[in-house]
Every structure is written in structure tokens, then in C-alpha cells.
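Going in written order, the chains are labelled A, B, C, D and E, and every chain counts its residues from 1.
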Amino acid sequence: MYRNIKKYSKKAGMPPGTLVHIGKVKTGDILVSLIEYNENIFNETKINNIQQYTPISEKSVINWLNIDGVHNTETIEKIGALYNLHPLTLEDIVNTGQMPKIEEYDNYTFIVLKMLYYNDNNKSIEVEQISICLGNNFVLTFQEEKEKDAFKNVKDRLRLSKGRLRKAGADYLVYSMIDSVVDSYFLILEKIGEKIELLEEQVLNEPSEQVLHQIHALKREMIFLRKTIWPVRDVISTIEKGGSNFILDSMHIYFRDVYDHTIRVIETIETYRDILSGILDIYLSSISNRINAVMKVLTIIATIFMPLTFLAGIYGMNFEYMPELKWKWGYPLILAIMLFIGVTMVIYFKKKDWL
Amino acid sequence: MYRNIKKYSKKAGMPPGTLVHIGKVKTGDILVSLIEYNENIFNETKINNIQQYTPISEKSVINWLNIDGVHNTETIEKIGALYNLHPLTLEDIVNTGQMPKIEEYDNYTFIVLKMLYYNDNNKSIEVEQISICLGNNFVLTFQEEKEKDAFKNVKDRLRLSKGRLRKAGADYLVYSMIDSVVDSYFLILEKIGEKIELLEEQVLNEPSEQVLHQIHALKREMIFLRKTIWPVRDVISTIEKGGSNFILDSMHIYFRDVYDHTIRVIETIETYRDILSGILDIYLSSISNRINAVMKVLTIIATIFMPLTFLAGIYGMNFEYMPELKWKWGYPLILAIMLFIGVTMVIYFKKKDWL
Amino acid sequence: MYRNIKKYSKKAGMPPGTLVHIGKVKTGDILVSLIEYNENIFNETKINNIQQYTPISEKSVINWLNIDGVHNTETIEKIGALYNLHPLTLEDIVNTGQMPKIEEYDNYTFIVLKMLYYNDNNKSIEVEQISICLGNNFVLTFQEEKEKDAFKNVKDRLRLSKGRLRKAGADYLVYSMIDSVVDSYFLILEKIGEKIELLEEQVLNEPSEQVLHQIHALKREMIFLRKTIWPVRDVISTIEKGGSNFILDSMHIYFRDVYDHTIRVIETIETYRDILSGILDIYLSSISNRINAVMKVLTIIATIFMPLTFLAGIYGMNFEYMPELKWKWGYPLILAIMLFIGVTMVIYFKKKDWL
Amino acid sequence: MYRNIKKYSKKAGMPPGTLVHIGKVKTGDILVSLIEYNENIFNETKINNIQQYTPISEKSVINWLNIDGVHNTETIEKIGALYNLHPLTLEDIVNTGQMPKIEEYDNYTFIVLKMLYYNDNNKSIEVEQISICLGNNFVLTFQEEKEKDAFKNVKDRLRLSKGRLRKAGADYLVYSMIDSVVDSYFLILEKIGEKIELLEEQVLNEPSEQVLHQIHALKREMIFLRKTIWPVRDVISTIEKGGSNFILDSMHIYFRDVYDHTIRVIETIETYRDILSGILDIYLSSISNRINAVMKVLTIIATIFMPLTFLAGIYGMNFEYMPELKWKWGYPLILAIMLFIGVTMVIYFKKKDWL
Amino acid sequence: MYRNIKKYSKKAGMPPGTLVHIGKVKTGDILVSLIEYNENIFNETKINNIQQYTPISEKSVINWLNIDGVHNTETIEKIGALYNLHPLTLEDIVNTGQMPKIEEYDNYTFIVLKMLYYNDNNKSIEVEQISICLGNNFVLTFQEEKEKDAFKNVKDRLRLSKGRLRKAGADYLVYSMIDSVVDSYFLILEKIGEKIELLEEQVLNEPSEQVLHQIHALKREMIFLRKTIWPVRDVISTIEKGGSNFILDSMHIYFRDVYDHTIRVIETIETYRDILSGILDIYLSSISNRINAVMKVLTIIATIFMPLTFLAGIYGMNFEYMPELKWKWGYPLILAIMLFIGVTMVIYFKKKDWL
């Protein structure tokens, strides 16, 4: 959360348009791979030296250049030059603190998205910035993390020649990418849903202070998700309404479908927030209930033993003329009275439902 | 709630357009029945083998093909081919985690709705996804559950030739269907209204922790209902504004009527939410009130007996020179003083309205 | 609240357009009266047999047919036939669970409103559904309750030939009716304002649990009022913007005026809600304050008497070698010490503002 | 607050358009004064008998008729007739429960505003309704209160021939009036700001129940201000967008300026509401904190003295065979043990930060 | 906060358009400096006597007149005359209580912004009003504070001939200025983010009353920031949509970029507010938890020692016939019983998780 802002403030004061990688410090080469395909052809090449690569624009073949890692600004700049990308686009690609957005340029449509992964080890959500440039018959994708591949499914389907993907154009490829990004949100929501379900049980059975911190943590995850996913809706809505020249009108029905999914994601987030508020209410009132229960114990003990102790105190006084003290049955009598008082109190509390 | 999301995440990673049944696992055949009718004709046929069925499109007769169960994707695919349905439509029909929506295709209007049933046994709401395809003189309806028939009323009215239904077109048939779906919401709201009324009484008379859990459960039902019914409003509003080519303009006045009903449903949901918040307030403050009451009992007991016990303690001391101990009336006097103190305290608390 | 929903659910399953009276069960005849007037003429006739009545449409005379009671569907149907009313209109008239709305038909404008009465006996608000059909030179008004006359003022002014009413057209008559309905809201708000004022005093002086229930009751009345009056705003706004063909443009300035009044009513409701929330805050914090006060009493008593009782306990021990017990001034000395401790404590609490 | 509603309900049932003064009952004459001016001329006349006055409409001179007091409906009616004012305008002028609004008539623009004064004696806000009619070369202003002059500044500037005022037209005069009304809001906000600042200090230093009532009172003032000032924004916005035929387009830049001021006022009100909510939070949690503090004192006392008293009780028992009682050092030993227990407890509480 | 309103109220009653410096009282000269530049030229001159300065408008050179300090109204008026600025513009420049806004005049576009600085000494945010007039080839900037230079970066880049800045027009210069203003918001947010992070840790580890006051202070900073930054969004949005004649259409893509940044700032503010609310919840429930903990200690102590003290009291009674007192093992037995009771209680509390 705070980290993102640091990303920005780091650049404050520099002239706009300066290429500075903002994000986790990374080393090692950037991996560049090219996939050329159409209905019949499928070539996958690893490009080791970007300097020697020239994009071939042949109408019948779709070029997909996938770049893994954006920390090497030189390589990014070289690619930018090859494809004639606007300086602001390059700046956005290397600055990984972007919000999802879509921007229309003369020669390409620029889309920024956020891929979400759930890290099962530390139970946290991980984000990867995905930048997509869609032009005539070419698609550039920039993925922040080298270790992760947001588009593994898409590649596999291309390889296996599955579905419409190989027959359709570059816009369908981008649609498949966006679709898998939005699908990742459902996986995240499922994990969070499980956490909330667990929390709900916990708050009813053993409401410890731990619950509160978990509610707080989940609420912050919700805030984070909403902030990340909300603009995705606008991106897809813009496409659906014809905001990109590189996406055919016949594709709009597909984007309407992804749009529906995004709406579902957002609604689920809102629902989760409502449920979390409900859990918080239960937690808070359970504290009050426990205070109440403790108070009752204290009151019962005090109410029973204070009068009894007082009685014992009376006959512990050292007055010379206390006739009861001399009675033979004085002691048993007082014990009986005490027992009676005690039992009466207990019955009274039973009636009041305190016991 | 969480289940719905699981429905989605199950499909994550598959190419879009793959037909996968998402929902409760079911077995057995899908039931397909055909109703052909116009003002004079009414035929009801059970179709056992969808492979041998061909839709006849005759202008003067309306065909209503009702499919009960969507878990057999093969059958659904066959029907889709017969009526030339878009792959995304088929995907939405078998994926029962859809939100209500309307989509306009060249040859039909596709409507998804949610029928709600109240299960009196486990006091819960059950949902059934209803998909409707309205084309020229034909209506396809897909119902998720085989055991339930959302359109029993409509069928009965068709059979009995009651009302405008037989004379009017396929759009009026769809209107009748939507009308009965919206009617089902009123039945649900009535049941929930009864629950809330009960809860209101309970929170005033015997506010136990149970009440809190019931408020929480009802709130979640409200969240669920709102999420389900809200988009229905948009569906009907789209129709009313002429969003479907297969519904005549003269029908808009009827849809305006259903629209009004939906608005009423939504408003009632909001009202119920407000009332539930009020009940929660009462519950929470009743806890505080009980803490207060318990505290008072404790304080009264302590305030009466602490000074008395102290007094008894004084005369329990073993000093040699304590003249009072030798007085003949010392003991009765001290008892009188104690009585006086006790009575004074009680009067004081009565005045302070603590007793 | 819940009752209204029951009204609806009662009709669920019936074909749309069926005339069923929904509302409190009533018996007895429906009263139908006709007022014919223009600048010079004023005739008031009671129509006993609606079967023999035919509306005369003469340009120069305005016909106002007022129907008291809507529980006899036959009579309503007959009137509907006479004036050529749409079946949905008739359905809305007899179903008294409508929300205020305006609907434009070819031959008339249909307006539904809610008249509010304050019943001083049981301190509650009573609702009467008012349906108005405004056509060329005729006005039909349907009032739910036979005992109440929402338009008494209007009739009186017609009789007395007061103001513009007699000279102006049927639209001005309808304007006068709407104006008196909106006026009734001010009367209701005044009554509620008085209740709130009383409640405010009470919560400051003697905040009992009763206050909470009254806040809750008033909040629900607010919810009810808002739900009832909010759509009235839309009705009048529609008229003002020219939504009715039977209301002259020159009348719009008058409807703007009523619109302003409605806005005022709605704002007052919002204000009352805010004030009620404030009163709730005060009530809740007053409970905490009382807990605090009780706690202080307990603490003061315990803090004073516990050390003293301990001291007395010390000298109540039976050790053989306790030199103080033999001192002549031991007893007075210990009493002095106790007094000193007690007084110190009291001073300490005074300083801490606990006393 | 409630009073305003009473103003309205008082009129309920009367025919619309009836002139009834609604507001505080006042007696005495209405003061009418006429100011005629242009760049060179400045005449100020007191008009004693409105019956004999006829407005002269000369192009080169601007007539400003200022009426102080609106309780004499006859005079108002006479003026209305002179300037050909619409009956609804007159009704709004004498009914001082109006909300700020602007209405365009053929021969004039009608503006209602609320002037606010801060009464330093009873620390409350006082309202005066200001109605302005702007026509060709004439301005009518109706002020509710005779004792107060909302436009003193404007008059002074006219007299002194200061600024653009004398050279410009009647629209500039109205602009100056609106400007001084909006300026009055800043004065009110400054006073309230001071109160809030004081309250903030108080809640941190000595949070008494008084604070709560002041928060409540200030919140209600905020509700009142928002309700009063919010529509002013719409009035000025309407003018800025050209909603009046009597205000030149070149004036719009000035009204944009006043509009900015109004926005600032509204934002400040919202800010104050937020701050008040914050103060309420602090107050409420300070109560809890004090309960906590009191509880701690009680617990410390009880935890120290209960075990000690118990120990003393042990050796106060009268068993014959209690060897410790015979020990020579028994008494000092037990005292030492008690001291040790007491000191240990104190150290323990110090460690737990309770002391 | 309150100070700003005082700024306004100070001017109340004056004719609009009067030049009065509103803001912190300052003395000393206003610093005026002129930068003339194009791709090849760069001249920086300090202007000591504004009276002798005449702006030269040469097409090929861009003039940037920077004024540090706005407290000398004479100088401002002189500059206003030189560049033909509207009186309202001058008024806004010297009145430092403005909100960010953009106004279009015939000969220039007027922009008001707020530069924010974080003062590390007193940990507070400082504001400087920045007014910019952008005309044909000239830019005027008015900075409230003499000691601070909001545009140091911009000047440095001009001097070093870095980036597009020297080649582009006056609109690019203004864009660079706005960009550095928005960048300053990120720095502020980073500082506040650090504070919140610290607060989060604190509330979990040692929730003192101090935390509450810090939450309150941060909330007020958030309110202030939102109020300051929100209108900046509108300013930039207006420019992006072509609201200024002095900014080329080709610049819009740059302003879209700054707009995105502003949106990010606003969203971060909202996120911080949500987090602060969460921290408040944790703080409040931690108080309740501590009350609960204290209560438990008290109850444990009382529940253990009250029965024991009572037992001791019994055998401290002075009845003559108490056989136990004579038993040889009476004393050890009673001690054993007491030990047993005590241990049982402790075990019971362990089981109830109170220890």
C-alpha cells in the first residue's frame, strides 16, 4: 500500500518522460520471446539479443512479443523504438506503480492490467503489472516478474491449436489475455472467501483479539483489491464501447462477457466488505457480552459472600453482653441462617437467568 | 455466497466459450417439453430424443421449448445448434453462477433471471437460474432444477386458455414468465418480513446472543437478495426502453408495470436493511443496559455491606481498653446503628432510582 | 410495512391484469358522486346506480367523478369501461399497495398518490391511496377509505366559488388535489416534529430504555414516510417537465411550486433522521455515562472501606504478643488513623472530581 | 427547525395563492424606501404612503425599492400590483419559510435568499428571508426583519459612489446583494469554527457530558446551515448558466466568483461535520477510557486488600491449637508478610502500567 | 482550517474586486524574476523595479515572469496592468484562501493551485498558493511564499536544457509546473503513509489515548488534503478536455497523464481514510478488551478471597459452643480446606481461559 506511493514519490522532481524503473529491485536479463502464428503456422523463438531483432509485419501472421521483466530500461527503450511507442507509454511500462488503464495511440492501443497471484506460503496476494500494446497484427506484452507467466494458459492453447484462438486475430489474443487476468481475480476471491468463512466460524466460537486483527487485515486486502480491480472495469467498458481502433466490433460481445465477470468480481468484493462489517459487529458485541458475563460472576460472588461475611463479622465482635454467643444452638443456628441466605441468593440468580 | 465464486474459479484457466456445467452436480436426463399454441391450438409434447427434433417455424403458432436441467452439456449444445444460439449464450446457460442480464443477438434476445423459492424445512432461500431465449415465434426456457417448475402458473394459464396469454404473441409469454419470477420475490420478502417481525419482538423481550446471529444471518440474506434482484431491474428497464427487437412496443406498458414491482422489491429490501440496523442498535444497547443493571446490583450490595462489615470489624478488635465493649447496651446499639446505615443506603438507592 | 408486502404476495401467481381488491377488507357500497362545474355552474349529484350513469362530455363543463372506496371491483370495472381505462390502471386502482406514480395513456393521465392522516388516538399515521385519472374535461378520483375525504377542502372551495378554481380547467383541479395531498405531509411532519422535540428533552433529562424504543419507532416512521413521499417528487417533476398531455404548459409554474414543497418535505425527513441519529448517540453515551457513575460509587466505597476493614482485621488477630493491644490509647489511636485514611480518600476523590 | 414546518402546516388546507404572512408575528408599519441612481444621480426617498407611489421606468436611472418587513400583506399586494408580480411570487415573499430559489417570470427574475446573522447574546444564528425581484432597470428587495438591514454595505457603497457599482446596471446591484449575503455565511462559519475549536480543546482536557450536548447542538446548526445554503448554490449556478434574462452575459464571470465562494462555504460545512464526528468519537472513547481508569483503581484496591484481609482473618480465628499465635515473632512476621504481599502487588501493577 | 475561513470573513462587507492581501502578514519586497528562453536562448533576469519593466511579446521567445510573494498589492496591480489581467484574477492572486481552479479569459488562462510542503520540524503540512497565468508565449507565476520555490526543478531543467522543455511551448512549461505540484502530493502522502504505518504498529502493541489523538489529527489532515486536492482533479480534467485556448491539443495526452496521477493521489487519500477508520475500530475495541481484562483480574481475586475470608470469619466468631475450635486438627484442616477451595477456583479460571 505505502510501497506504491513510495514508488511514485521516488520519481518526484524528475522531468516527465524520464525512463526510470520503479518497483522491486531486480537483476538478470530480461527474457524476450516471440510467438508467430496464424491458423496454420506456430513458431516460438527466444530472442537473446534485442538489438538484432527487427519486427516483420506480414499481414497473414500475428506477432506476439512477450517481455518478461521490465527492470532493464535499455531493452525496453530499444523495443519502444522498434515499435514506435510513445515515451509516456514506455514510462508507464517500467513504472510498476500504475493503475489499470487504457490509452489509445495512433499506431497501437496501450492497456495496463494487474495480474494477481495468491501466495499460499505467506497467505498473501502478489501483484504483477501487465502492459499490453495491441497494434496491427502485433501484440507486445510486458510482464513485471520473470518467474511468473500470467499468460501460460494462453500460450498453451496457442500451441495446442485449441479453440478459436489460432483462427482469430490479434484482438482475440488480447481478449484471451484479459480474460485470464480477470479469471485470476476469481481465484483470489475464492481464497479470501475461505478465509472469511473461517473467520465467521471463529468469531462465533472463540472470539479472540486475533479475530479483530484478521478482520482488519482482510478489510485492507479488500481495499487493495477494490482499488486494483475497479479501474479494470473501466478499461473493459472502454473497449466494449469501441474505444480501441485495433479491436473489431464483432469482438465487443466477448468483451461484454468479460465485463460481466468484472462486475461480478466487484460485487463480490462489496459483499465481502459487508460481511466483514457484520463479523466486526459480532466481535465487538461479543466483547461486551463477555464483560457482562464476567460482571455477573463477580456480582454473584459478592452478593452471596458479602452478607455472609458481615454476619460472621457480627458474631466476631467482642461485646461482653451478646446473649446469642452463649446459646448452645447459636453456632448451628447462625450456620443454618447463612446457608439459607446463600441458597436464597442462588435461587434468585437462577430466576434472573444469571446462573 | 462463497459457492458462487467457487463456481467461477473452477472455470478459470479454460478457454472462453468452453461448455462446462457449473453448479450442483446432478445426474439423470434433462427433461425437454414442447408447447405449441395459438388462440385455437394447444399441444404439449414431451421430447425424449432431442436428436430427432427439428423446430418448425410456422408464423401462426408459438413454440415454447422448456428444458428442465442444464447439467447435460451435450443436449444443451444440440439445442443451441438447432436454434443457432451463440456459444457465449450456451456457456451462460450451463454456468449457473450468472447474474441476471439481457443480451441482444441477431436472431434472439437472451435473458437470464433467478427464480427464488423459500424452503420451509430449513428456512432458507433456494435459487434457480432461468435462461430465456426469445426469438421469432419461439421461446426457449432453461431451468436449472428438474424438480421445480418456475413456470407452472404460466403453463396452467396456457392450458386453461385464461387471460390474454393465448391470444398474444411470444413476447407476452416472456412477460408472463418474468412477471411470475418477480412475484416469487414478494413471497420471499413476506417470509423474511415475518422473521424480522419475530426478531423485533425478541430483541425487546429477551435479547439473547441468538438474536445477534439471526440479525447477521438476515443481513446476509438481504445482501444476497439485493445482489440477485438489483440486476433484474436493469434487465426489465432495458426491455421497457426498447432494448429487444423481439418485444413489441405495445408491450412496454406491461414491462413498466413489472418494473414498478421490481422497484418495490428493491425498496423493501432497503427498508428491511434499515430495520435490521435498528434492531442491531437496540440489541447492542440492551447489552450495555444489562451490564449497567448488573453493576448496580453489585454496587448496592457492596455499598450496604462494606461499611457494615467494617463496623463489625471494629468491635472485633482485641484492644484491652475498648470501653464500648463493656457497655451493657453496646451490642444492641451497634446493631441499631447498622440497621440505620443499611436502611439509609436503601432509601438513598431508591431515590437514585437504582432499586 | 410487512402488510404491504403481504398485499403483493397475495396476488403472486395470478395472471397479470386480474382485478383483485388488495387492502383492508371492507364491506358496504362504494360511494360515487359527480360534481359538474364551470365558472357559472355548480352541480353536485350522488350516483346510486353506476349502471345507469353515462358520462356527458361537454366542452364547457368540467366533470369530476369521485369514488369513495375501491373494494367493489365490479363498480370499478364498470367505471373503467365507461371512461375507457386501461386494465392495468384498474388493477392499480384496486390494489392499494401501489407506490405514487404517474402514467400517460392516450385518453388520460393516471396519477397515484398517498394521502396521509395522523390518528391522534393511537398516535399513528394512516395512509389512503388516491388514484386520479385526468382526461379532457373530466377528472376521476378514487379514494380507498369511505370515511375519509382527502378532497374536502377542494370541494368546499368549488362550492364557495373561491379562488381561481372555478374559472380554471380540469388540470387546475388536479393541481389543487395534489397540493392538498402534499399539504397533508406538512401536518404529519409537524406531529412528528413535536414527538422528536419531546424525545430530545427526555433523552437529556431521563434517558430510559423507553427512549430507545421510541427512537426506533420514529426511525421506522421516517423510513415509511421517505418511501411514500420520495416517488411523489418524481410524479410532480414529471408533470412539471410536461409529462402529461392533459395539463397546460401555463400550469407548470404551479407544479413547480408544489414541487418545491415536496422537496421541503423530503429535506425535513432527512433532517429528522439526522436529528434522531443524534438523539440515539446521546442515549447510547448516556448509558455509558451511567455505567461510569455507578462504577465510581462502587470504587469509592470499596477504596474507603477495604483498607479500613483490613486495619480492623489486623487488630482482630489473636496473637499473644501484640503490644498495641495493651496500650491504653491503642483503640482511640487506631480510630483516629482510620478517620484520617477515610478523610484522605474522600479528599482524593473530590480532587479527582469523582464526588 | 420545527418552527419552519409549523409555518407550512399553518397554511395547509388554504387554496394555493392565498396571501398569508407566515413567520414571527410582527406589528408596526412596513418601511419602504426608494433609491434612484445612476453614475451621476443618487436619490434616497422614504415612501410613507405606498398608495400614492408610481414607479417611473426611465432607462437611464436604476430604481431600487427596498421593503423592510413583510407582515403587512396589504402593502405587499399593492407593490405586487404596481410591478405586476405573479400571485405565487407574492405568496413566497410573505411566507418566510421559503427555501432559497430562483424563478424566471416574463417581466422579472425572482430570487429568494436567506441572510444569516450571528446573535452574540444568545450565541445563536438568526435568519432573515430576503426576496429580490430584478426587472428592467428596477430592483425590489423584501427584507423580513425591520430592525436589520442586510444591504447596509451595498447602500453605503452606492452613497459613496465607490467601485463599479454606480456605473453598472441593475444586475450588478443584485450581484452585490447576493455577494453580501454569501459573505454573511463566512462570518457565521467563523463563529462556529471558534466554537468547534473550543470544543476540541475541551474534549481533550475535560470531557464532560456538556461536551456531548454541545456537539449535538453544533451538529444541528450544521444541518440547518447546509439546508439553508445548499440551494443558494443552485440559485447562483442557474444565474451563471444564463438562467435569467435580466442579467447580462458579461456578469456571469462575477457570478462564477460568488459561486466559488458558495462552494467553499458548503465544503467548510462538510469539513466541520467531519470534525464534529471526530470529536464525538473522542468523547465516546474518553468515556470508555474513564470507565477503564475507574475499574483499575477498584481492581488495584481489591487485589491488594482482599488477600491481606483474608490473612488477618486467618489469625482472627479462635482455634485453640494455632501454634503461630503463641510465637513471639508471629505478629511482626505476619505484618512483614503482609507488607511483602502489598509491595509485590504494587510492583506488579506498576509493571502492568496500571499505576 | 479555521484560519482559511477567517481569511474570507476578513473581506466580508468590502465591495467585490477590492485588492486586499489575505494570508499570513509578510513584509519585505516581492521578488520578480524573468526567464526568457527558447531552444537556443536562456536568459534569467532579476527585475528590481517593476515600474520600468515592459513585457516584450516576441513570438519566438517564451517569457516566464515569476513573482515570489503576493503581499504587496501595488506590485501585483502593476503587473496586472502590464498583462491586462481581470480585476477578479488579481483579487484571487492576493487572496491566498483560494481553492484550486481554472478560469478562461480572453487573453490568458488563469490557474490556481496549492503546493504542499512537509515541514519535518513540526511534522506538519505547509501550503503555498500558486497562481499561474498562461497567455500567448508568456507565463506568469505568483508564489505566496518568498522563501520557498515550488518550481526549482522546472528552472533547473530549463537551465540545463534537459528534456523536451526548452523546445516545447509555454503550455509545456505550465504542464511541467502542474506536474511538479502534483508530484509534491506524493511526497506528502508518503510522509503520512509512514505516520499511519507507525500508528498501526502502535495500536496493536500499546494502544494509549495518544493513539486516538493521532488518529484524529491524521483524519483532519486527510480532510484537509482531500479538500485541497479534489479540485485539482477538476482543473486538470478541464484542461484535458480542451478547456484552455492556450494549450495545444497535442498536449492533452500529457495532461491525461497528470490526471491519472491526481486520481491516484485521491484514491490513496480515500484508502488512508479507510485504514484510519480501521485503526480507530481496533483502538476502540482494545479499550473494551482492556476493561474486560481488568474486570477479570478483579473477579478472580474476589472470587478466590471472598469465600476464604468468609470461612475465616466463621471461625472468628465468638460462640461458646463451637466444637471445631477445640479439635486439635481444626486449624490445619481449615487451612487445607481453604487451600483446596483456592486451588479449585484457580483451576476453574484456567479452564475458562481467564488466566
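One rule holds for everything that comes next: contacts are C-beta pairs under 8 Å (C-beta built on N, C-alpha and C of every residue); 3 or more make two chains touch, one makes a residue touch a chain.
Because the structure is predicted, anything quoted here is derived from the model rather than measured.
Enquirer: Starting at chain B, how many touching-chain steps does it take at least to reach chain E?
Expert: Between chain B and chain E, the shortest chain-hopping route counts 2.
Enquirer: What are the mutual neighbours of chain B and chain D in this structure?
Expert: Expected: C.
Enquirer: Just curious, how far off is chain C from chain B if you go by their C-alpha centres, in Å?
Expert: Between these chains, centre-to-centre, one finds 27 Å.
Enquirer: Once you find the CA centre of chain A and the CA centre of chain D, what distance in Å lies between them?
Expert: Whole-Å distance between the two chain centres: 43.
Enquirer: Residues of chain A touching 2+ other chains?
Expert: 288, 291, 295, 298, 302, 306, 309, 313, 316-318, 322
Enquirer: Spell out the part of chain D that touches chain C in their complex, as residue ranges.
Expert: Within the complex, chain D touches chain C at residues 1-2, 4-6, 8-9, 11-13, 15-18, 86, 88, 99, 101, 103, 209, 212-213, 216, 219-220, 223, 227, 280, 283-284, 287-288, 290-291, 294-295, 297-298, 301-302, 305-306, 308-309, 312-313, 315-318, 322, 324-331, 334-335.
Enquirer: Help me check something: in the complex, which residues belonging to chain D touch chain E?
Expert: That would be residues 153, 157, 162-165, 175-176, 179-180, 183-184, 186-187, 189-190, 193-194, 196-197, 204, 253-254, 256-257, 260-261, 263-264, 267-268, 271, 274-275, 278, 281-282, 285-286, 288-289, 291-292, 295-296, 298-299, 302-303, 306-307, 309-310, 313-314, 316-322, 354 of chain D.
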